[in-house]
Amino acid sequence: MRPDKRRTLGDAIELVRDGDTVAIGGALSYREPMALVRELVRQGRRELRLVGSAHGIDVDLLVGAGVAGAVEESYVGFEQDLGLAPAYRRAAEAGSIEIRETCCYTLLQQLRAAEYGLPFMAVRGVAGTGILGLHPEYGEVECPFTGERLVAVPALAPDVALIHGLCADRRGNVHLRRPLVLDERFAHASKRVIVTVERLVDGDEVAQAGVVLPSFLVDAVVEAPLGAHPTSCYPHYAYDRAHLREWVEAARSDDGVAAYVDRYVTCAGGGETGYQEAVGSERLAALGDWETSTERWMELASA
Amino acid sequence: MSLTEFGIDEWVVVTLARTIRDGEIVFHGFGSPCAQVAMYVAKRTHAPQMVLVEGSTYALDPEPAFIPATSNDWSLLRRASHILRFEELFDLAARGELDRMFLSGGQIDPYGNTNVTAIGGLPGPKVKLGGGGGGCNLSATVGDLTLWTTRHRSGRALVEECDFITDLGHRTPLGTREEMGMAGGGPGTLVTELGVFDFPEGRMRLRELFPDVGLDEVVAATGFELDVADDLRTVAPPRFEELAIVRSIDKLGVRRMEFDARELERRFRWSSHQAGCPCCT
Amino acid sequence: MRPDKRRTLGDAIELVRDGDTVAIGGALSYREPMALVRELVRQGRRELRLVGSAHGIDVDLLVGAGVAGAVEESYVGFEQDLGLAPAYRRAAEAGSIEIRETCCYTLLQQLRAAEYGLPFMAVRGVAGTGILGLHPEYGEVECPFTGERLVAVPALAPDVALIHGLCADRRGNVHLRRPLVLDERFAHASKRVIVTVERLVDGDEVAQAGVVLPSFLVDAVVEAPLGAHPTSCYPHYAYDRAHLREWVEAARSDDGVAAYVDRYVTCAGGGETGYQEAVGSERLAALGDWETSTERWMELASA
Amino acid sequence: MSLTEFGIDEWVVVTLARTIRDGEIVFHGFGSPCAQVAMYVAKRTHAPQMVLVEGSTYALDPEPAFIPATSNDWSLLRRASHILRFEELFDLAARGELDRMFLSGGQIDPYGNTNVTAIGGLPGPKVKLGGGGGGCNLSATVGDLTLWTTRHRSGRALVEECDFITDLGHRTPLGTREEMGMAGGGPGTLVTELGVFDFPEGRMRLRELFPDVGLDEVVAATGFELDVADDLRTVAPPRFEELAIVRSIDKLGVRRMEFDARELERRFRWSSHQAGCPCCT
């Protein structure tokens, strides 16, 4: 048998060191590895350099809780619905974190370079924009065939990728469903990969469901049901819009962030059990109702 | 609301929809309810053969029962023919096969450059905005861009110069698109809650006004010298069918989130003879 | 409704012009678009430039029948089983076709460049090998960050890709199952894409099965049951090893090739119906038996 | 055949299997039955934690009921935990995470360069071989290469200089791997039907002989001056368990396709005391 990669949340997060470049899977309010994010807060990691595409509460919480030192995401916020990410915005405006804003595609090309074992990749855009000015590490390359000069971006191999999946076996074969966002690319490009899943299952079941991340990419797998909450993890649960609203309200001040962290993250119950108790089991169960009817789903979506 | 009365939110959505040509592959960014709803309107009216690419799921031609307030949600996968991989969407655009994209901005300059990164620029922003998602690269290679903003009247949206250029318009301090080797066509249309603009020779020009808006209001709200078309017109009103689709697809009214409450009070109704433009009520 | 892309085999192959660069899907004895290959022979295309990874009877037949002018594949043959590809070997040794042998990965990088809209991609290997000498179109690029000099390969956008899939709808949404080989990359990188399928189905069925090539990539879709024969198209049929042996025997001489083409390709019955009659319906049906037992599958595999 | 008697095909397969270290990610090329069967032997004996990547399907750790004569066949997917995409396999190798690959060649030179493209070179080949598949790039970056040939005795396989270099050994006319910036380790072992070689300082050296082969036969069959280890040994015999696995996995005997009929007549049996090397019969 292949090594057993099951870990506790606490042990898994020990693979993340202060100062690491950390890729966060999922997007916006969808399948973000929130249990891992909360554990980073509990363990008090510092100066993490976050990379990702378009994100929400994951990055905002890590910034608010003082875990992040630099943020290289393409977007952080709550869309037209709940608006700007308060903690991220405040830290950016105060200059307390480094804002290395990127573009989804530029990040993709940097991950591809790492995944392909190449030192750089070219991109077509970026020239002429302010994004270029934020990244002195970008360069230029001349096409040996056409003579075109293109922006070149260096390979980016995150130290750790954090991903929340649907199910996995103990060896670390992971099933995800689309949208995959950058989860696959993060897993291939990163040096270490930590995956939480709703359910640990046997190898046959994950193979049947469809392996998206094969075990050799994965260093640790943690069973963390509801581990994406308050973001969605379909088909298990829809996103918890009311909880996001609560965060956005709280995050408008440092005190609010502290109170949120105290209530939900480092709460007395401890760990994810404590989190789920603080949120309330009835409410968590209700998020699984999305499939009962369109009306119910709309109700959840406008909660 | 009856189909003889409608709001500016609906009119803006329908106006955005009409910038789509049939057969195009069209993409809206995430967090863009007006553009998102507009794409469904186009698909179900004049552009049945467009390929509708959802803004964060990258689902193709889904038929959602409602539009949720977040863009990456399984409700947006319903009956999709396929879900593109993240990579596939961006590669499609990079090789010039994504025909149209919708982009908005906290700031938009006369060349159609947009700033969704930071008011006051970086570092040291006055207001850190959310960020551009994939717009920075997409705006360089997508065939045609439809811009929109619902905050024109604020006076802060259309500015002489963006504090930060996130997405490319027709010209930046580095030169024109051509000079920078960017293959995409750049912004073709800008729709605001005050009117519609085109970009002859790459510079914004007021082309159409909503009937309850005066030219002086637009001038006052615009942070640069306004070019105005000689034959300035009124924005064509929505058809009943289009309104019905807006309402049936956007049951939760997420499109309204983009507007100030005051704008949502603007109400239009069809004049009884249905010939000309609707009157404001 | 989206345009109806259904075509006859004959109409579809009219999208291929003499001299075109043609990418052929599948691999070895697996899911090669043989009905399209045979139609190319019937319509007498000339001077095609074939590109692909590791192939077998598809390329050997096109070379034998005088359709190919250049071959840029990573391998052409019948493995340890039936050995070298006789027609390909003879043409190569006679100098009647241009041998532009490539490597799977180099080809992948060239297709990726086309798919990514970039004029070139870098590869790590190739330097020091004879393959480099066959390709004066390759160049060199220096990494702007590390100073490494890497082999650069130009974008390769085939004029046409020929792919055989499992099912598709009339709009051209295509379902394939793994292994996908380079089918996906060909479809994304090529200017025109022609797909044959075992079954034309409605949109719901192909969506349920899983679309791998979305319709906007596909220009023509042709229902061609048994269209991969004598290569396999699981789950529909195993490969026809005895038929491959017959080809390999025939292909040892130009006369043998002509006799094979006459009997199977341009036969009196005409088209694919004629082909299937020449092969024999009982025998074709037997290839679908692979699933009945391991013993039966082994029997087919050693036929 | 009883488990006390075995052929050179089986012994070669087992010897190949033993070059695999537990935990490695290992790949065989297509059309390589000996290497293919060897990987299953290793997986089921000393290397249970290896990741077995099938040669053309890129299936991971399948448990085929039999090995077919073609490499891209669904029979090779049975119980696979996953099927890698074409791209994933090659990228894994390019970034240096594919630990071992098996490569053969119509010609192999003292540095372990191989020619699977053309005897007589290109253009104007004397014999056009099949081609190298992905070996040209893979050989540059894979951690460790195990080479093999079953045609050593022909005198045409081990040559002073390849007519064409398809896959990289330790040194080409352009220089060493290091000088060319190739990160892979190059060939570590060559197994032929006559013996086993290692590559100290990047040049082939005879390390072990099969018991029915004389050093003079190897010298005669080798097209360059042969380095021989001081402590030349006999190839370690297969264990019963290994033989049983070879036979159970390769029910169709596809491994034998790689050998001349005469070689297959070579038969070995365990000496009754089971201590030393098997005797030839």
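Letters A, B, C and D name the chains as they come in the text, with residue numbers starting at 1 for each one.
Just so we're on the same page, a residue touches a chain if its C-beta (ideal position, glycine included) is under 8 Å from a C-beta of that chain, and two chains touch if they have at least 3 such contacts.
Predicted model, so just to flag it, every value in this text is computed and none were measured.
Between the Cα centres of chain C and chain D there is a gap of 28 Å.
Look at where the CA atoms of chain A average out and do the same for chain C: the two points lie 40 Å apart.
Centre to centre, using the average C-alpha position, chain A and chain D are separated by 43 Å. In chain C, 117-118, 124, 148, 150 are the positions where the chain touches two or more neighbouring chains simultaneously. Each of the following residues of chain D touches two or more other chains: 94, 141, 183. In terms of inter-chain touching, the protein chains here follow a pattern that is not a line, ring, star or complete graph. Touching pairs of chains, sorted by label, consist of A-B, A-C, A-D, B-C, C-D.
In the complex of the two chains, the chain C residues touching chain B come out as 1-3, 114-118, 171, 173, 188, 203, 207, 211, 214-216. Interface of chain A with chain C (complex): residues 117-120, 122, 124, 137, 139-141, 143-146, 148, 150, 152, 154. Residue ranges of chain B in contact with chain C, taken from their complex: 25, 48-49, 51, 60, 79-82, 84, 88, 91, 94-97, 141, 183.
Those residues of chain C whose C-beta lies close enough to touch chain D in the complex are 27-30, 53-54, 73-81, 84-85, 88-89, 92-93, 95, 99, 101, 103-106, 108, 123-131, 134, 148-150, 178-182, 184-185, 232, 234-235, 238-239, 241, 290, 294, 297-298, 301-302. Those residues of chain B whose C-beta lies close enough to touch chain A in the complex are 30-33, 56-59, 65-66, 68-75, 77, 83, 85-87, 90, 93-94, 115, 117-118, 121-141, 164-168, 172-175, 180-183, 251-252, 254, 257-258.
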